[in-house]
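Input: one structure, supplied below.
Letters A, B, C, D and E mark the chains in the order given here, with residues in each chain numbered from 1 onward.
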Amino acid sequence: MAKKKDILKRQFKKHKKVGKAPGTITYMGHREATETKVTIIEYTEDLHKIHYPGEIEQIVAHKDTPTTSWVNIVGLSDESFIEKVGKHFGLNALILEDIVNTQQRPKIDEYEDYIFGTFRMLYINDDNELIGEHVALVVMQNCVLVFQELDYDVFNGVRDRINAKSGRIRTKNSDYLFFALLDSIIDNYFIVLENVGHKIESLEEELYENPTPEVAKQIQQLKKEVLKIRQWIYPVKELVNRLIDSESPLMSKDTKFFLRDALDHSYEINESLQIYREMAMSLMEMYMSNMSNRMNEVMKVLTIMSSIFIPLTFIAGIYGMNFVHMPELQWENGYFMVWGLMVVIFIGLLIFFKKKDWI
Amino acid sequence: MAKKKDILKRQFKKHKKVGKAPGTITYMGHREATETKVTIIEYTEDLHKIHYPGEIEQIVAHKDTPTTSWVNIVGLSDESFIEKVGKHFGLNALILEDIVNTQQRPKIDEYEDYIFGTFRMLYINDDNELIGEHVALVVMQNCVLVFQELDYDVFNGVRDRINAKSGRIRTKNSDYLFFALLDSIIDNYFIVLENVGHKIESLEEELYENPTPEVAKQIQQLKKEVLKIRQWIYPVKELVNRLIDSESPLMSKDTKFFLRDALDHSYEINESLQIYREMAMSLMEMYMSNMSNRMNEVMKVLTIMSSIFIPLTFIAGIYGMNFVHMPELQWENGYFMVWGLMVVIFIGLLIFFKKKDWI
Amino acid sequence: MAKKKDILKRQFKKHKKVGKAPGTITYMGHREATETKVTIIEYTEDLHKIHYPGEIEQIVAHKDTPTTSWVNIVGLSDESFIEKVGKHFGLNALILEDIVNTQQRPKIDEYEDYIFGTFRMLYINDDNELIGEHVALVVMQNCVLVFQELDYDVFNGVRDRINAKSGRIRTKNSDYLFFALLDSIIDNYFIVLENVGHKIESLEEELYENPTPEVAKQIQQLKKEVLKIRQWIYPVKELVNRLIDSESPLMSKDTKFFLRDALDHSYEINESLQIYREMAMSLMEMYMSNMSNRMNEVMKVLTIMSSIFIPLTFIAGIYGMNFVHMPELQWENGYFMVWGLMVVIFIGLLIFFKKKDWI
Amino acid sequence: MAKKKDILKRQFKKHKKVGKAPGTITYMGHREATETKVTIIEYTEDLHKIHYPGEIEQIVAHKDTPTTSWVNIVGLSDESFIEKVGKHFGLNALILEDIVNTQQRPKIDEYEDYIFGTFRMLYINDDNELIGEHVALVVMQNCVLVFQELDYDVFNGVRDRINAKSGRIRTKNSDYLFFALLDSIIDNYFIVLENVGHKIESLEEELYENPTPEVAKQIQQLKKEVLKIRQWIYPVKELVNRLIDSESPLMSKDTKFFLRDALDHSYEINESLQIYREMAMSLMEMYMSNMSNRMNEVMKVLTIMSSIFIPLTFIAGIYGMNFVHMPELQWENGYFMVWGLMVVIFIGLLIFFKKKDWI
Amino acid sequence: MAKKKDILKRQFKKHKKVGKAPGTITYMGHREATETKVTIIEYTEDLHKIHYPGEIEQIVAHKDTPTTSWVNIVGLSDESFIEKVGKHFGLNALILEDIVNTQQRPKIDEYEDYIFGTFRMLYINDDNELIGEHVALVVMQNCVLVFQELDYDVFNGVRDRINAKSGRIRTKNSDYLFFALLDSIIDNYFIVLENVGHKIESLEEELYENPTPEVAKQIQQLKKEVLKIRQWIYPVKELVNRLIDSESPLMSKDTKFFLRDALDHSYEINESLQIYREMAMSLMEMYMSNMSNRMNEVMKVLTIMSSIFIPLTFIAGIYGMNFVHMPELQWENGYFMVWGLMVVIFIGLLIFFKKKDWI
């Protein structure tokens, strides 16, 4: 629970920067400072090398090689390093600001020499928690820069395909690599949605079996999670669409063809999210109807018990009175006649409640 | 019930494919592997033949004949067969992926030589369950390829018309055949909507007669079903509209004229679905109001019984006290006077409740 | 009530036609087959004749006369007759299908020689029920064909004006006649809306006076009726707008001027309908709040009666105990002191409840 | 209250006209016939005269003078007089129909020689009721015709400014006069909104202090009022926008500049109205939550009283039994020990309820 | 609380002006008249001076200097002073009206020589209250006029950057200064949103721990606050967008680049606000569900206590009757057998309630 609250809070840490000049590179993450790790995957159809460069110059060297390079930079807390990378690759200061701003909403900006995009990688971690990690991509003529905060990402499938030379990726250029990474991000949205679907289903079951206030809390938690996911996922379809319409020479007609497929998936995700949203909203309604049912049941028990025994107790009370002149008390069978009366009333009331379908 | 959940879950099986390269042909269905069955209906105005080809070459032969051929392919689990068909007919890899992706949302893609479309065939099966089957259509110059998962489909009316030479179909080309198939799919949406309408009506009746929690569950189930149907049906009107605006030479002006009629039906279906959606949402509201009514009734019984007998019991209690000096106890008619008092109170309270309209 | 359900069901009878070829003329109404009655009103500024033609040729003769003719055809179940009319007047098969499809949603189609439109005539019949009758209009150079199911329509005002030569109608052409008929249909929408308004008001009153579950049912019924009316009325404003923008030579600039007035009314009707919709939705909310009020009142009575008499009964119970050593029982005034105590408690509780504003 | 219902009903009196030819001048108001009063304010920068013309010719004389004239016509029930005015000023018949149609929704129509507009003057009368009066304006080259039903209007500020020569009005032409009148109408919308705001606040207070069903009724009344105001105010911003975009030579560039200011106010009013709408909708929610609170409180009292005294009464009942062999009854201190037990139970239950925070 | 109501009321004080000519400069604030204080910050890359001019001529002198000047005017109640400033700087009368209209909604107007904008500075004051202060900006070739009501503003970060020569601001022109001020305003919106987020979280916690009616009140208060914030913040993104599309020579291409960053933030703020809005709406739902839970708990206690002790009391009542012939009373162990029976019933009912999961 505590962690989820963190996720929700992260978004508004922005005020750390309030008052600073725009374009100031300020790490907005909530992680402790970690060393920045750089990995470069360099490939052509026939070549596949992995570099672990130590110096900035070793990284920049990949900018203008004819091979395709995937420069993967993990750890965003070292602002001066990011600045150096930016300077050597010729990136705009505002973009550097967005790279280290881990609360940046998804966006795509086109520049003359490169296209910049940030997205949210969503995945379910080992504790079954939803994690939303900031990732920034810069696609250039011959390389793609990937900036991320943690060592964990959703790109292993792409790495495997490059390694195994499966699919088209080794025969294609940096724009296809960019597409492949984006496609991985979007594919993971399906898993996250599926997880939401499972949560809805299990909440629904618990709702009928054991509708404690805890369930209501969890429903609210789920609704917040769906709101959050929507905020992260919603802009993507528009961004992909803009890429398809882009006139940048960096995006080849061929890659745009694949992007159209990704666009399709984005629409599908948004539709499913919309359905889950409505389902999540129904859950509370069901919870309330269930509460109402339970209340009804409680009230019926109370009403039946009271309505039966209060009148009977009254009769017993009558013959507990101490009047000197109470003829019935002297009757030989008075006691048994009263019992008879009571049984008649008892059965009569049972029939009455049966007719009302209360028992 | 179990089956319905399956329908809802099916949509998110996509992650089977997560990490695979786009354009990979992966069967996404949930059926056991079955043999692929191919049937070809070949016709012109004067000719009508049905073929059951065994070899891929026999199928492809129909691509360039002057006759119109409906190539019907049942069973999508044999990925290599689908790939072969795709190769021989010159279909794009991404399209093959969509053909075997049984969770694909409805879409239409135009290519130079063919138009590709996937839709959802909705029908009510013999167990009165809603079934949503994936169907993919490829219309070419002289033939229409139809890919479906099961042997059951909604196209028998079209088969009969071709067979009986009724209507225009035998005089028209492959684009009209495509329209006729699409029209059949859309016509079946009306039946599905009608079924939803019946369910709403019967739930409404049960709501008043026997509002158990089970009814609330069924209302929620219905709301999910309507959400699902909307997801399947909603995109259709836009797709048909796009076909009408298409400049592809495959769609003749004449067929577009008929498509306009189909568009009309799509609008009508969407409007009706919207109405059913609002009705379904009202159902829960009615359920709650009914719960509230029942609670009111229960409380009235409790209140009337308690309010009448508790005071009377109190009076009986008074004269059950054992004080040595209680003058009333000695009175000759004390007992009967107390009875009188009780009857007066009883009648007084009855009048009070009658005035409040509680009895 | 039964009849209203029929109205709602009618819409989905379409599946009678499922499987048939598009353009098949199939009567979709729910009336018994009746003879088709044709009346022709022929007029110019100086002429006014009413014909009751027996033969199709007598009808078609009016197509090319310089006079304006209103060909009124009542009864749509004789499909072959409609087909003959269509053939002689040169109407498209799809239009004939729409003419006999009494569930057709409002639409306007422009052709070279004629404009086709179908609408819903709404009126309140003598049993105060809402009736929605299908009407189809075809406007040609010199005549307007009107197809309707029943002998009753909303066009008597137009007939009177033609007869009495009042207004402009006799000096104008067939397009103005078309406008006059459409205007009559729209004017009747105001009456139907007024009727909805009255129902809302009377339900509101009943809600406060006598909030039985029956009232909740009627509120739901009203909400459905409003949904239905909206479905019938909503498309009209767009259709009129399209007519105004039409470039068909059949619509004169002068008539478009009047259509703009009709458009204005359509907007007004839609706004009012929207308001009624929101009012109808509020009704249920008021019903629930009223239920809640009543429950509160019931609970107060129960609580007051129980809270007063249960403690008093307890005191009486104390002195009904049979302990050998109970000093109070021997006191001379014990009995009266207990009475005193009870009165004090009684008054104290009354004051308590008075302070809580419960009595 | 009665009057408010009238306001809501007025809108649907239109059917008085159903069946009449369009362009028929029919007074739609609900006032008794009154004499029509005409006042003309004629001014230039140096001139200021008020006329009370008796003859139609005296009115028409102002059409073509070089001075600016404000022709104010009060009382719309004399249809023939309005018709005469229309004829002399060259107004279209449909416009005359709109002038006397007191239910006309706000609209602006541009003609070659004049611009016609109708609006709703909203104000709070002396009984603190919302009044919505129909007003029609016709702006011509040198004069503005103002048609209204009652002698009361919201234009006194404009009259004062003309009289006192304050602001620009005396130096400007008829289009500025039109703007000034429209601006007055819009300014009064602010007062009406403020009144709505006050009502919401006082309902909110009453909700907490004294949530009777009467309050619920008033909330519903308020919601209807807001719906009504929205219907009257909402179209204005679009109309003003259209005037600004108009190419009519009657609207000078200078006046359009001021209209932009009026447009700004229209937007502000619409936003505020939207906020009030949501607040009004919240009121019912608060009412329900308050009801629920009160119910809770009632139930707590009942539960505490019953849970404490029912067990105690049971104990008393035990020792009221008449068994021959009941050892406790013989004990010297039995009675006091029972009292002790009862006090222990009493205190125990009090602690229990205290812990539950119920007391 | 009182202050917040003031905030909500402020908006509708406009009617002070009703009837006045448009363009009349009328202070609309609610502050007492205060002296107007003017501060001028003059800077170039190498220069930085702060002036406190006493005469209007000293202020106007800065209009045409080559340096960039920030003319900060605090206090809007001296209408004649504002008018003088406006006259010397050549500002339009309508703009002056907007400057002193402290209820003006956010807007941007472009003129030939200057661009005018008003916004709302939002901040949380020391009493943790939300304050929304009106601020008006006029950007000219070489200076920016800032009009505000109070000495407190959100621009200290900008002042510091000018002073410390940090960032780009000293090297840039007046349009960048304008951007920097706008950016400060927008940055503060994040803080305000964060504050809303904290309030939602603490209300949520209190909802579960201590759901008093006071909490419901605070939820409503929060919802109003969110509505208010939305009204102030919502138009900003459109205004910034308009500035970016502006063709005014005052906005350099370079500054537009930064404005795009501000636009991004505006979108982010609007999305977050939307999320908070939905969360705030959920709060009431949770409150109601919690109320319902508590009611359920209360009812369970009542039902258990009553259902157990009412039957037992009945049994005791039976043997408290005074019939002469009651065989059980004579039994040696009658009393103990009754106790046994009671214990059996007691345990039986406990098991029954346990099974129902009520205890």
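Simple rule for what comes next: a residue touches a chain if its C-beta (ideal position, glycine included) is under 8 Å from a C-beta of that chain, and two chains touch if they have at least 3 such contacts.
Quantities reported herein were computed from a predicted structural model and do not represent experimental measurements.
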item	value
Any chain that touches chain E and chain D	none
Whole-Å separation of chain centres (CA-atom averages), chain B against chain E	43
Distance from the mean Cα position of chain B to that of chain A, given in whole angstrom	27
Junction residues of chain A, two or more chains touched	288, 292, 295, 299, 302, 306, 310, 313, 317, 320-322, 326
Contact graph of the chains (line, ring, star, complete, other)	ring
Ring walk, chain D to chain E and onward	D, E, A, B, C
Contacting residues of chain B [partner chain A, same complex]	5, 8-9, 11-12, 14-15, 17-24, 94, 105, 107, 210, 213, 216-217, 220, 223-224, 227-228, 231, 284, 287-288, 291-292, 294-295, 297-299, 301-302, 305-306, 309-310, 312-313, 316-317, 319-322, 326, 328-335, 338
List of chain E residues in touch with chain A within their complex	156-158, 160-161, 166-169, 180, 183-184, 187-188, 190-191, 193-194, 197, 201, 204, 208, 257-258, 261-262, 264, 267-268, 271-272, 275, 278-279, 282, 285-286, 288-290, 292-293, 295-296, 299-300, 302-303, 306-307, 310-311, 313-314, 317-318, 320-326, 356-358
